[in-house]
Every structure is written in structure tokens, then in C-alpha cells.
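Everything below concerns the one structure shown next.
To keep things simple, chains are lettered A, B and C as they appear, and every chain counts its residues starting from 1.
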């Protein structure tokens, strides 16, 4: 008890945002470690190695265009944009945390993808002949996916943590992700093309649990900075739109060549379109005069993409995609209206970006939709070969039937939730240590503490016409001195 | 006469921007209708269905890479970016209408593409065996194209209509588009790869006619909000550049595999490059001190892409593309200088974004260029097979010769204009009904009426150094009180 | 001596930024020249010509998908985005030069690519049968690459030159580039897939030399405008991220089909990830309290992509890519901290964007890395065919061995530096003529002189609640008058 007490005290001592030693140290040490580990483990696979030309002849592949690169590179680039511009700009909505949003997002994504290549490589791409991980385009996509999980979690703690904490959170997040993904995709043999469970459910609950552990009772001291300004909301729309537009690529990036990618892209496209309409409807319905709320438009419009992630490559049917999108737009928007304030007040979960509404809940819905769609699969709809192809009923799983697959999908969803919650609590515990340079409660959501900010001089005042030597700052200062004297 | 009189009065009564019932109702009802119609009509086509693997073997297709998805998906994603980021951000230039520009664009595009899949599907992709519409990647591109026509029209009425009006305008716009497209492409058998006629001419005149019907004599009451601010112009450049860069994908997205797509992309690339130089030249020539006008740079630089739309896949030749771009840059910029003010003053057409200069006129030029290029086609230039391929002189059109094709191209242009003007007048009439929640004349171009706006506090003043508890608002307030007392 | 004296005087006379005659004249004349030259010289190549279908059969190409268009178009579009949005927005960081950054970037890129198609075409794509240049997708990528060299140079002189000067600089830059490229790639037969030498080293030193020739001793008169504001830094991050994300496409765009493109993309992806971490480390280490500097994040994070340009398609190995990125992040950031101020003070080189740290130095490193990697190539690593393929040891170069190739790579680097420095001095000399409309020393970094700017009214003040008829301007004005009277 005394131990817990002193841990509490330790955690609650005066905050110091100076990361001049810790941040460079962590970056350099980790990057060095990455170089060593890559040197030991990572090699090109047969499609990115100069022996490809010989491999092609051996395998009787007729043309270079059948290199997996050409099947997946356009999707990879779209996913890459989602990770860096999509997630980065989506979080720029805060009035004074745009640098942190886009900059820290950049940092942790660049770090996370290297660690993900290793972790996922050990589980999925290890060549047992020489003990090397052989990587190609699909590994790059998967690394980006893995990072997405951590960026989702970042959304919950946005503005309340330091870059060092984010790096720690990403290191553990990627590790947990790789294990969870191995259990879900390989052991349980669930399918999760767009990662509703693996990425969104896990990432969502991971972030929420971390945020719960880092609960700040006095966060309202920063409330003046917790809103947006006009242009920061427009910046955030850049993130929203790039996520929205490229989500079909996200959900189809690692599905089967041919009809698999084709169908996954279409289902996602339709689900997202449907979500936009119901988001607008609910947003308008719950505001005075039917005005729209930018928070909903920026976030809830994306929920449909999350929720068709698992089932995107299944025969969800076009109308099924619309229905999923329809429901998610409503639930996600209602989440922003009712659930987020409730969670903050009663559950002590402070969720800056509302990832519960955008990722966690839609991810769970996606898992359920996936389980139902898988369980309902029939040979008449998929064709005999199509069914085997779509669900990989091959090798040790060749006798599995769709209903059993449905059960396994549901089990996978539980695994994702458990890993998210459990991992988040564990990591949150670590992040409460007072060594990470996180800001005090009245300094949250403020770039000031981690970034060299330009002088404020957004507007050059019209007074410049009268006396060009006199500048904005002088005016305000002289006003101030006037006030002082007049008091 | 009395009837017209009372209709006038009805239309001119007090405006009410409350859309709290109408907007949610329209969104939910329409989205529900979409789900039902998709359930009845829309299915995957053979390339996005799991039976693809069997179809492939039947058709003797050697590899999955020959699925149409791989020919068109990169272009589709580029077109998608143009629709949502391109059109959306291009319209953010107004100082207080960025939310409306990008948000309403998002809404109507997401709605329109669903309805377009149905409308275009009935005309083009209906499988007469089972009465179902079979969709694939090409349908998604065509749906985006169809939506583009409506977004162009949105440009003319930007800031002067409500979201509900935009939805109505899109519903009718998509419907008209599909009919017009069917007449032009199927009945007349004109070619229009980049949609100079089908998309731009139609969309342009549709928007202008609607705007003419919705003429507001007292719009100058909103003139304080009709300009841009520095950063809103930079946001608009995001839209401009994404449109400009991806226009080669737009014009080549649904052209023939192989040389067709290749040539269309190159012609568009060249035409657009040329347009930039003449736009700069004319913009500089018509301003004091040779200064450039952002309105021209944002808009007229795109005119070349519109004008090579029809002829992009023909043998326009590289220099031909440059010439088309050259001319359009000049005409479009002159349109902004002379024509837009003239149209507002004398024709009562208020064209917020100047779509007449960016879409309508260049679209007509594109139709004419297409007709001439088609009429001039010869076997020596195209090759016998090339000529048949390029113009689809097959089936019932196998005896058509290039000169006849040229005539039909010209006829198609007339159809596009008629549908645009006629449809616009009809729809404008409907939109004058006083039930749609449009803003009063002094409330145009203002997000205030349809969006929850963040508090104004863009700049945190330097005074914060002296006394961090004193905030911007306090300063201005105390200044204000001082002034009051000192008067 | 008197001649030099009078040239000096000529150059130093009163500046006049009126370009109303010169800018339109240059644009129209050059665009007309382009049309004539394109008419004489440029034709479609066999893959973009309607005879493709016959060519395909002759060459026994099994499918349209093997048209080079499908190998390269997605990369082309990514490169296109880097040129227009990437470079354009990267330079928007200045508080009052965003229009110039993105607008002039647009203008010179659109002009440069036409001239590049001709210049590069004469050297590389001339069909000696008919004296025509035959162009296709690869030419478009190369034209964009060539323009990149000039846009890099633009970075050094950003804010200090007129649009006319930029056009002149681009005309000469493209010409020099094409000659230098011909020497390096054809005569020396060096490999430079991502253009570390050809593009970045050349472009960097070209820009720095021009800037040295245009040295402005009194540039501090514009120092009030030489910084950023909060939102301009966020705009610049758009440029940074699109450059960063699409750099894998840049370095792989014109490499060999198959493993070449695959490997180049992966190496670049890894190098860039590594650079981000070391950039953050060094940036934090050199600031008070460990704060990050946006200048470093915006620029140095990209250095790794530059430095793997030459070796991207070689067997650099994944860990090798990380090492290159690691080193470049450090060197580039240190460059911003120490070298840029040193160069300005002691070498009279004013480098607005710090292109020496982002392009010139990393480009040289890239050239060295390329030379070492090439010299170390062995048959055991590449395979016999792989080695020949990767280094094109064919035709007259079939007997060249890797060590000799390494020496030639180093020679190529020297050529790039010489062309950059020499060309820059020459062109700088021309640009000092007082006929180009460049701004005076106290008018640099200001859009005011070349753009019609919107009225300043970024913020509608909170006072609006009290008295909506009183506007921002009035307040400041009345404050001003009060001060005047109170003095």
C-alpha cells in the first residue's frame, strides 16, 4: 500500500517538459539498434532481389509486370499517404497543437515502421533456411498498417504526452500488435483484410486504456486550448479527406490479387459514401438550428471504412456495404454527442480525438460484420474455388467450413480487445513514471513546450499604411502600457 | 399572372436557414432509398466477383494482372482525389466559407456517386439476363465523373444555397447527366473520354442556369465576405494543384487500354503546362504593375485540361495539345477579367467561382476541338486497326467514317448545352421554393449559418509574455471600454 | 576595369518590380516557341501511338498491360505531386511569400517541363530515321526530374527574385541539366536512378551559385518577413510530407522493371524513415529545453531520400539504407544549425530554404555512396544476369567491371558539381542585369510586389458581439489615434 502510495507521489511530482537529453538519446539508441537488427535479419525477398530475373524464369512467370510490386505499389502509396498526411493532419484541428500533431505523428510512424518490419518479419516472413527476414512490398504495407494501430492510440492522448512517451508507446504498441496479429491471422486463421479487429479495435482500446491510466483530473486547466480555430479545422479536413479517399486502398492493399482487391476497394468505397450521409444527418439533428459540427464531419464520416475492414473482401454485397456505412455513421456521431463526454466524466477516459467513436466501436462492428458474413458464406455465392481462395481454406485449414470460420472471426475480435485493453493498461503504467517529460495539466494541447514557435504576427495590421515602422507588437504593447497606467 | 405573382411572393418571403428537420430527413430518406435500390439492382461484375478465377480460365486470361482493376485503379484514385480534395479545396478561397466549400462538396459527392452508380448502371451496365447492374472499377470512375458535373455546378452557386438545395440539385443533376451521357455516348456514338462535353459543358451550363434562376439582386449586402484572405487562397491552391496534377488521370481513366490511356495522359499533361504560361501572361498584363491575380492562377490554369478532354485520346499531337492549352489559358483568364462582371451585371448570372471561364467555355472549346480532330482522322495517321479502336467503329457503327464522326461530335456538344441550360432552368425553378433553408442576401458566403464555428481567437497576442492570465479577448474588451470612456 | 565598374553601377540602380511587359512577353514568346518546336520535333512513341496494337503483335507482347504506361504511370503521378505540391508547399513557410512560393513554383515547373521534353529528347529519344523525338511516359517522368533540379535552385533564391528571373534561370537550368545528364548517363555511363548527382547535386550547386552572384548585403532590411508564422509552417508540412511519402516513387520511377523498381522503392522508404529519427535527435539536442525546430523537421527529414538516390537500385541492403539515412539526418540538421549561418556571413551565399543542407550535401553523399556500392558489386550478390541488368553492362560497356563503374560514378559526381557551380555563376551574371524586375533589398520575401493581395482581415474580432458595425480596422485605427494624442 505504501509502495503504491509512493509510486503515486513519484508520478505526481512537478512536471518538466525538458526532453533535451531523453529525446535525442532515445532516437539515436533506437535507430542504432534498428540498423544492427536490420543488418542481422533483414534481406530482400525474391521479388526485390536482382536474382528476380532468374527466379522469374524458374517459376515460368511471363512478364515483369507480375512482380507483386505492380499489384500493390499504388495501394501502398495510398496507405502511406493515409499514415503520414491522413492521420497527421486529421489531428491538426487543435488551435495550438498542429506542430505536435503532424510532427509527432511523423516521428512515431517513421520509427514504428522499422520496428514493425522486424516484429512482423519474425512472425510472418522468416526464411527458416537462413534465418533471415525476406521483405518486399507487402511487408512495407503491413508495417504501415501496424503503425496505423499506434497512430490511432496517439489520437486518444493527443496533446497530453511528450514525444518520448509516444516513442515508448509505439515501441510497445508495435510489439503487442505483431503478437496479436500472429494469433489472429495465423493461429486462429481469421481473415482481416482491412484490419477492423487487428488494427482499429486493438489500436482504439490500446489508446483508450493508456489514456485511462494517464487520467488528468485537472485537464480543464488547459481548456482554453482544447478547441479549434477556423483554419485548423480546414487543415484537419485535409487529413479527413485523404483518409476517406484512400481507404479503399487501405482495405484492399493486401487482399488477394484480382477479384479480391477489386471487391474490397468497391465495398469500402460504398460504405464510406453511405457514412457521410448519415453522419451529416445525425450531426445536423443534434445541433441548434441544424448546424453541422466539424468534429463529426472530420471523424465520423470515416467510420464506415473501419467497419467494412474485415468483410471488405467477402461477399458483403454492395447494399451490405451501404448498410454497414449507414449504421456506423449514426453510431459514431452519437458517440461524439453522448459517449465521449460520458466517458470523460464517469469513466475517467479522456479521449482527445474521439478514437472510441472513430476506431474502437466501428472496429468492433467490423469484427462482428466480418464474423456474420464469413459464417454466411456459401459455395453457391462464392463458387467452390472462390470460397477456398477467399478464406484460404487450404493446408491445415482445408476442412474448415464457413460457420466455423465465423466463430473463429468472433474469437479473433475478443483477442484484439484483450490485447488492446491489457496492453494499454500495462504501457500506461510505464508511462506514468515521471521521467518522460510530459506536460503539466495546464500546459496540455500547447506546442509551446516542445516546439520552437514563430513569433506571433499572423496579421500585419492595416496601420502599416500610416506608419510602416510601427509593428503589430508595438501596438499591443503600447496598448498594454496604457492600460497599466490607466488602472 | 396572379399565379406567377403569388409564386414570386412565396419565393421571396423571409429566409430561414434552419435545416434541422429537412437536412437529416433528406439524408436518411435518400440513403435508405439507396440501400433498397442497391439491394434490388446492384451486383459485382465478373471481375470483382469470386467467380473471377473461373471466368479467367474460361476466357483464357493468363494472369490476375489483366483484371481491369490494375489498368484503372491508379487513375480512379487520382480522380477520387480530384473530386474530394480538388473540387473541395478549390472552393475554399472565400474568407468565411471554407467549411461549406469542403464540407458540402464532400456531402454531395458522397450522395451523388451512389445515385450515379444506379442511373449510369441502368443505361450502361444492365445485365439483361437477370436485370441486375454489374459494377466494377469502371463504374466507380464513371460515378465520380458524373458527380464532377454536379460539383462544377456547385461552383456557380457557392455560398448562396443550403445543403438541402445542393442535394436536390445533385439528385436532378445526376439524373440529367446520365440521360445526356446515354444520348451522347450511345445514341450519337460520340467519343468524350475526358468529358469536355458530357461533364464540363453540361455541368457548367447547368450551374449557370441554376444560378440565373436564383439571381439575388441584393447580393452586394454580403460583399464583405465575398473575397478571400491570405491563407484561404493558399488552401485553394491545394485544390488547384491536385486538380492540375491529376487531370491526366481524369482524361485517361476510361480510355482504351494501352496506347489510349498513354496518349490521353500525355496530351493532357502538355495542354495543362501550356495553359499555365498563357494564364500568367494575361493575368499579369491586365493588372496594375503586372501583378498576378490568385483567382486566375487558381482557375484558369486548369482550362487546358478541360479543353483537351474530348480529343485527349485522339491524335491531337503534342503540339496540338499545347495550342489548345495556349488558347484556353488566354480565353479563360479574359473571361475572369471581362465576362464574369458582364454576366453578373447584364445577364443576372452570379457565378461565384467563375465556372463559365473554367468549365463551360473550355468545355465548348473541347467539344469543337474534338469534332475537328475526329473529322480529320485518317487511316495513315491512326492505322487501320488504330482508327477502329480509337473511335469504336464497330458493330452498328462499323461503316461510320471520320468526317461523319466529326459531325456527330458537334451534335453531341449541342445536346450537352441543351441539357445543361434546360435542366438548370427547371431545377432552378424548384430551388426557388422557400422550403430549402437558403440564406438571406446579407448572409451569403458565411459558414455561420450552417456550421458550428469555433470561437475566434486565431492569434494569441504577444502580451501573453507579460501576463499569461490575460487573454486576447480581455485586451480588446478593455480597449473598447477605454475608447468608450474617452469619447 | 571601367567596364566592370559600369556593369556594377548598371546592376545596382534603383529596382523596379513592374513586370507588366516583361512577364507576359516572356511567357507568350516562349510558349509560342514551344509550340513551334513541338510541331517540328515531338511525336508519340510506339507505346502511345495508335499503331501500338500492330506493334504489340509484331513484338509478340501478350497484353496491353505490358505497355510501359502501366509500369510507370503510378510513379509518374507521385513524382508529379512532388514537383507541384511537394516543392511548392515546402516553400510556403515564409509568412508573406506563400503565393510566390506555390505560384512561381507552378509557373516555372510548367514551363520547364516543356523545354525539358525537347532538350532531353534531342539527347535521348531522337529517332534518327525521321529526326523526330518520340515521347512516352518515361519522357514525362524525366521532364519532371529535370524540372526538379531547377526547383531546388529556386529554393536558394526564394523571395529575392522576380518571376522573369526565375523563367530565365529555368531556361538555362534545364539546358545545362540536359547536357550534364547526357554526359553522366550516356558518355560516362554512370547510373543515377534517383538523381542524387544529376538532379540534387547539380540543382543544389546551381542554386547556390546563382544566389552567390545575386548576393544582397542589405538583405536584413527584409528580416521582418524572413520568418514563418504558425499556419505557414503547417502549410510547409504538406510539402514536406508529400515529398517524403512519394520519394520512393521518385527514386524508383525510371529504374528497371521488376526487381529494380521494387528494390529502389524499399531502399528509399527505409532511408527516409531512419532520417526522421536522427533529424529529431539533433534538432532537439541543439535547442533550448530540447524543443524541436520546424525548419529541421520540414527539410532535414528528406535528406535520406536524396542520399540514396544513386544507390537505390543497387544492392545497398536494407541496413545500408538505414545507415545512409542515419548519417544524412545528422549532417543535414547540423548544416542548418552551423553551416547556413556561416555561409551567409562568410561566403556571401544567402540560401533561403537551406538547399545546401537538403539537396547539395546529401546529393554529394549520395554520389559517394553510389560509387562505393557500385565498386563493391559482385556476381555472388547480384547474380550474373542481375549484375548486367542492374548496371547495364551491355553493348559498348559489356566489358566494364564494377570497380571501374565505381570510378566512373565518382567522375560523374564531379561533372554534376562543375556544371552546377559553373552554370550558376554564368546564369547569376545574367540575372544581375537590372532588367528583370527583381525586388529591392527591403522588399524581399513579400508577395505584395508580385501579387494582388486580399485585404487583411484574417480575424473578425470578438468585439463583434458588442457592436457588429465596428470592425477590426476601426479598432486598430482608433487605438492608433489615441496613442498619437496621448503622446
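By our rule, a contact is a pair of C-beta atoms (placed from the backbone, for glycine too) under 8 Å apart; a residue touches a chain by one contact, two chains touch by 3 or more.
All of these numbers come straight from a predicted model, not from anything done at the bench.
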item: Pairwise touch network: line, ring, star, complete, or other; value: complete
item: Cα superposition of chain A on its sequence copy chain C - rotation in ° rounded to nearest 5; value: 120
item: Where chain B and chain C are represented by their mean Cα positions, the distance between them in whole Å; value: 32
item: Where chain C touches two or more other chains at once, by residue number; value: 62-63, 65, 70, 74, 96, 231, 238, 456, 458-459, 479, 482
item: Chain A partner contacts - residues on chain B that touch it in the complex; value: 17-25, 27-28, 30-32, 34-36, 38-39, 42-44, 47-54, 56, 62-65, 67-70, 73-74, 77, 80-81, 84-85, 88-89, 92, 96, 98-99, 102-103, 106-107, 110-111, 113-114, 135-137, 140, 163, 231, 235, 238, 437, 449-463, 466, 471, 475, 478-479, 482
item: List of chain B residues in touch with chain C within their complex; value: 62-63, 65-66, 70-71, 74-75, 78, 95-96, 227-234, 237-238, 241-242, 244-246, 248-249, 257-259, 261-263, 265-266, 269-270, 272-274, 276-278, 280-282, 284-285, 287-294, 297, 301, 315, 317-319, 322-323, 326, 381-383, 385-387, 389-390, 455-459, 472-473, 476-477, 479-480, 482-483, 486
